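So that you can tell them apart, the chains are marked A, B, C and D in the order they are listed, and the count of residues begins at 1 in each.
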Amino acid sequence: MLEAQVEPYKRLRDNMSQRDRSLREKVVSLEEAASFVQDGMKVGIGGSTMSRTPMALIWELVRQRRKNLSCSRSIVSTDGDLLFGSGVSDHIITSWFAQGILWGLSKVMRHHVEKQGKRYEEWSHMGVGMRFRAGGMGVPFLPMRAMLGSDVLAQRPEAKEIECPFTGERVLLVPALNPDVALIHVQRCDAYGNAQIDGLQFMDIDLALAADRVILTTERIVSNDQIRRAPDQTKIPFFCVDAVVEVPYGSAPHECYGLYEPMMKHLEAYVQQVNADPVDGMKTYLDRYFHEPKSWNDYLAMIGMDELLEASQRGRSIYND
Amino acid sequence: MTEARNYTAAEILPILSARQLRDGQVVFAGVGTPLLAATLAQRLNCPRLTILFEGGVVGAFVEPGKLPPSTNDQRCTRRANMVLGSSDVLLLLQRGYVDIGFMGGAQIDQFGNLNSSFIGDPANPKTRLPGTGGGNDISSLTNMIVAMKHEKRRFVENVDFITSPGFIRGGTSRHDSGLPAGGMFRVITELAIFGFDEKTRRMKVLALNPGVTREEVQDNTGFRLDFDDEIAITEPPTETELRVLRQLDSERLFIA
Amino acid sequence: MTEARNYTAAEILPILSARQLRDGQVVFAGVGTPLLAATLAQRLNCPRLTILFEGGVVGAFVEPGKLPPSTNDQRCTRRANMVLGSSDVLLLLQRGYVDIGFMGGAQIDQFGNLNSSFIGDPANPKTRLPGTGGGNDISSLTNMIVAMKHEKRRFVENVDFITSPGFIRGGTSRHDSGLPAGGMFRVITELAIFGFDEKTRRMKVLALNPGVTREEVQDNTGFRLDFDDEIAITEPPTETELRVLRQLDSERLFIA
Amino acid sequence: MLEAQVEPYKRLRDNMSQRDRSLREKVVSLEEAASFVQDGMKVGIGGSTMSRTPMALIWELVRQRRKNLSCSRSIVSTDGDLLFGSGVSDHIITSWFAQGILWGLSKVMRHHVEKQGKRYEEWSHMGVGMRFRAGGMGVPFLPMRAMLGSDVLAQRPEAKEIECPFTGERVLLVPALNPDVALIHVQRCDAYGNAQIDGLQFMDIDLALAADRVILTTERIVSNDQIRRAPDQTKIPFFCVDAVVEVPYGSAPHECYGLYEPMMKHLEAYVQQVNADPVDGMKTYLDRYFHEPKSWNDYLAMIGMDELLEASQRGRSIYND
């Protein structure tokens, strides 16, 4: 059963050949984009911790009450809380899961893992990275030299220790991870999905290549001409992308490199509320901020103009000399 | 500890940690005390210290008063030489480019193994902790400095769960597990500085912090400690160290 | 061939090859005729054709009169959507993003295997040829179109050396070798257009070029050819095709 | 014996720990830089075909009459001729070896391989790439899905076919390649060796990470401040680099992206001369252009001002709209 986690190459290629990879416009609404994600799917999530999280897509999935998603991400923060707390996901594959280093343990994660039987499947950070990379390369595994000797590995029968056929050394093979769909937020892309990422890329390139479908949210849709003027800044080619949604502040209240830093007042209030009561506190938060607003912009308005503009001022300061 | 001090426990950790670094080293730093200590060292006597962050950053100079809340925030890229993918920066460790990995710790044992995953039985844990992050990768692949609070429940004989390997079960067990490189180099607490015996790979006290006794260290430790034959007494934080540290963390995110 | 023609053998190859491409396809093109044919298709009826080059280029529009002398020259990046590493663009093939690989060929056999490595015994070759380049990767990983000169010494029963695999020894041998995806799709020469039998995987004639007879094709081929039951006659190059082609290669690098 | 090709991890790490990776200035002359390359070493060569070839370094190695080098490069063109023809190398690992597609077969390569017993070790292009990548990742091998079923593989017992332990599929493991030294030419770097590459990168990043030593030649040494202003354009970090040489037109007569295209008149004349007589033609060429000039600038002067300026005009036109 665990073996079956790695997609046979034939199936990967068959899935791919059924995918429309032609140069075509893919701009859709947030509602339509979320429909690419079906209950029970394997979902890869871009960005890391509180950076370039595809928060608008997660917000929409919660509103549409998607369920039983198996989610994977390099490092998880409040997005993981929201995925477990809303019932959207019951299985998260990552290397670190709390709200943020400043706030200690997540009471939400603890409640759902310790009491509700939800699964936090732990790999080392490089382990997650090599799994996405193998998926993106179209190979069934990649070798690595960490996790060996640890109890992290003891919990992961999905990985295999082998004796290297070249050197006789012990190396670890980690299985490819090819999500059914990836959710990625970027600074800009064109209507075809050619995406340019400024600053920290995290594991997004490998994730985009690995997934069977990719939904991009973007701060701004730019012309294809603009993309072609700086082709070495393009990090995800259009034929990996199946839907494009323009969502300004689409990572809020997390950060988006060069545009805004995390909105810490909102996050502090969130953490206080859900850690005080991981069930009712979370329900109240989700009702108020996720279900009740008419639109993403309404949600942003609830975070507040002061906080948005201050986060933007801090975000843009990274380019100051 | 009877003397009046002009510094807190949260302040002595980054200062003593910074002193462990040498100019010109390549250091892979975790968030919190490690980031603060490495940045402090850059501004004191290691101007050519190269700091790597897990988010994908090589050679950053974090700005005073703007410490990043994680190693995946844009603040980590301030005046960086290079920004790259998270997997790629971790692979630099695997290839061997890094001299020192520098992390915080929640729970450590006599062989320098760190636990940040489970308290109690992993199958039915009392507490599910946040997990490894890059900790397992860093401690598997390079020489480690760990800075952490010294409490009896944090210094245990054997951790419940080896998240980030130290010397595993001591002796050659780390090497035999497939980890021929790296290992625990130093542990820094508000009480003392620890190294590891060359042969047994058990933790031993190298130096006591100013005003701290052997007994005080042993009493706060959950296993029998060895003491180095030539045990030293660490110099207290200097005015300069304290001033620069407080400038760096003027928001008091980590030294509060 | 008795009719007077207004085009050369070097011109009909890219024109007939371009006709094999469909708008919206993702095509991995080698230098020379393939690059020229793919660029021609973009400018005729496939404006949304995406061309990949081995040097690390996605979605280029090569400029008329400035054809690159290899797929690793900067001219290949003209108006590209993306520039990336050479290994990374080859990995896109392995992951399956590419519809068609498009190459030239020096020597081909009945099963569509290509040789560009050795004439004679590899241990002691009569001629050491340039080798595979990306040819082996492309033909291992996707569906292939090959455009090449039709000469008896180039169309042989079995190549001396399989540099770029077609259907290996026919039947399921390609699949059984660990290559479950892709395979030879079309071969285009100045005489005819060839496909491969679904079962035996042997080459067969699908269409004759204008003015070419079955006998002429067979006489210029070093093995027994099959002919499709519904064999077609290809339309001659149009004025538009010839005009655009000649604009593209105005330096006459490849159609001389 | 073939097994020994893959460096044991312990040796890789020991080599690395003896390397001075501190932030320090590394600017040296071309003569000094070439002294990093000793007779018999494994040398990785950056760029590809006629692009960003580290030609000034090759020129200097020929002048210093280095010998028995085992050279590896993604794709080889006239640089391979020169390495074989001068006696500097007797073993070249690559995927394609001629002078350039426009000129058919290289009579120089043919002469040395068919008659002089020199080795052209052929891998597929991705095979070479995965070997450098494994070397750069610090793993002993990488899996791939090409070369299988071909005679290219039949000639390469150094690679191993295995049954995938996850899927049962047949995959190929190619061994890591860690050159003793890599020669790489870039558009700009600082005095520490932080290198920024514009346009096509080829396999240079993997190669730089894989090699035990890296020598950079650069069109221009820039300030560290300039590097830090665009850190996501940095492709090779300084601690991979052991020597930096400023050599304008350091790829001539090949191209350097955005600066100059190949100098085709010189190359055409070269090809005619050496293919007419691969022994004496080559000797005459090397004496005249490699051994007799007093300096690299003198060699450029022999290529001629007209050709240099025309190549530059064409090179810069890639940035035209």
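Operating definition for what follows: a contact is a pair of C-beta atoms (placed from the backbone, for glycine too) under 8 Å apart; a residue touches a chain by one contact, two chains touch by 3 or more.
These are the chains along with the protein names UniProt gives them: B, C = 3-oxoadipate--succinyl-CoA transferase subunit B.
All values derive from a computational prediction rather than experimental measurement.
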Given subunit A and subunit B, the chains that contact each of them: D
Taking each chain's C-alpha mean as its centre, the one farthest from subunit C: B
Chain pair with the higher count of C-beta pairs in contact (C-D, A-C): C-D
Approximate Å spacing (C-alpha centroids) for the pair subunit B, subunit D: 40
Whole-Å gap between the CA centroids of subunit C and subunit D: 29
Separation of mean Cα positions, subunit D and subunit A [Å, integer]: 38
Overlap residues in subunit A, where contacts from two or more other chains coincide: 9, 138-139, 144-145, 169, 171, 199, 232
Where subunit C touches two or more other chains, by residue: 57, 77, 83-84, 91, 94, 180
Chain-level touch network, classified as line, ring, star, complete or other: other
Every chain pair meeting the contact rule: A-B, A-C, A-D, B-D, C-D
Touching residues (chain side subunit B, partner subunit A) in the complex: 31-32, 54-57, 69-70, 72-78, 83-87, 90-91, 94, 117, 122, 125-137, 140-141, 161-165, 168, 173-174, 177-180, 253
Residues of subunit B that touch subunit D when the two form their complex: 23-26, 48-50, 57-59, 77, 79-84, 91-92, 94-97, 99, 180-181
Of subunit D, residues touching subunit C in the complex: 48-51, 74-75, 77, 94-98, 100-102, 105-106, 109-110, 113-114, 120, 122, 124-127, 129-130, 132-133, 144-152, 155, 161, 169-172, 199-203, 205-206, 255, 257-258, 261-262, 264, 315, 318
Residues of subunit D that touch subunit A when the two form their complex: 3, 5-6, 8-9, 138-145, 160, 162, 164-167, 169, 171, 173, 175-176, 198-199, 229, 232, 321
Subunit C-touching residues of subunit A, taken from the complex the two chains share: 9-10, 12-13, 16-17, 20-24, 136-139, 192, 194, 209, 224, 227-228, 231-232, 234, 237-240
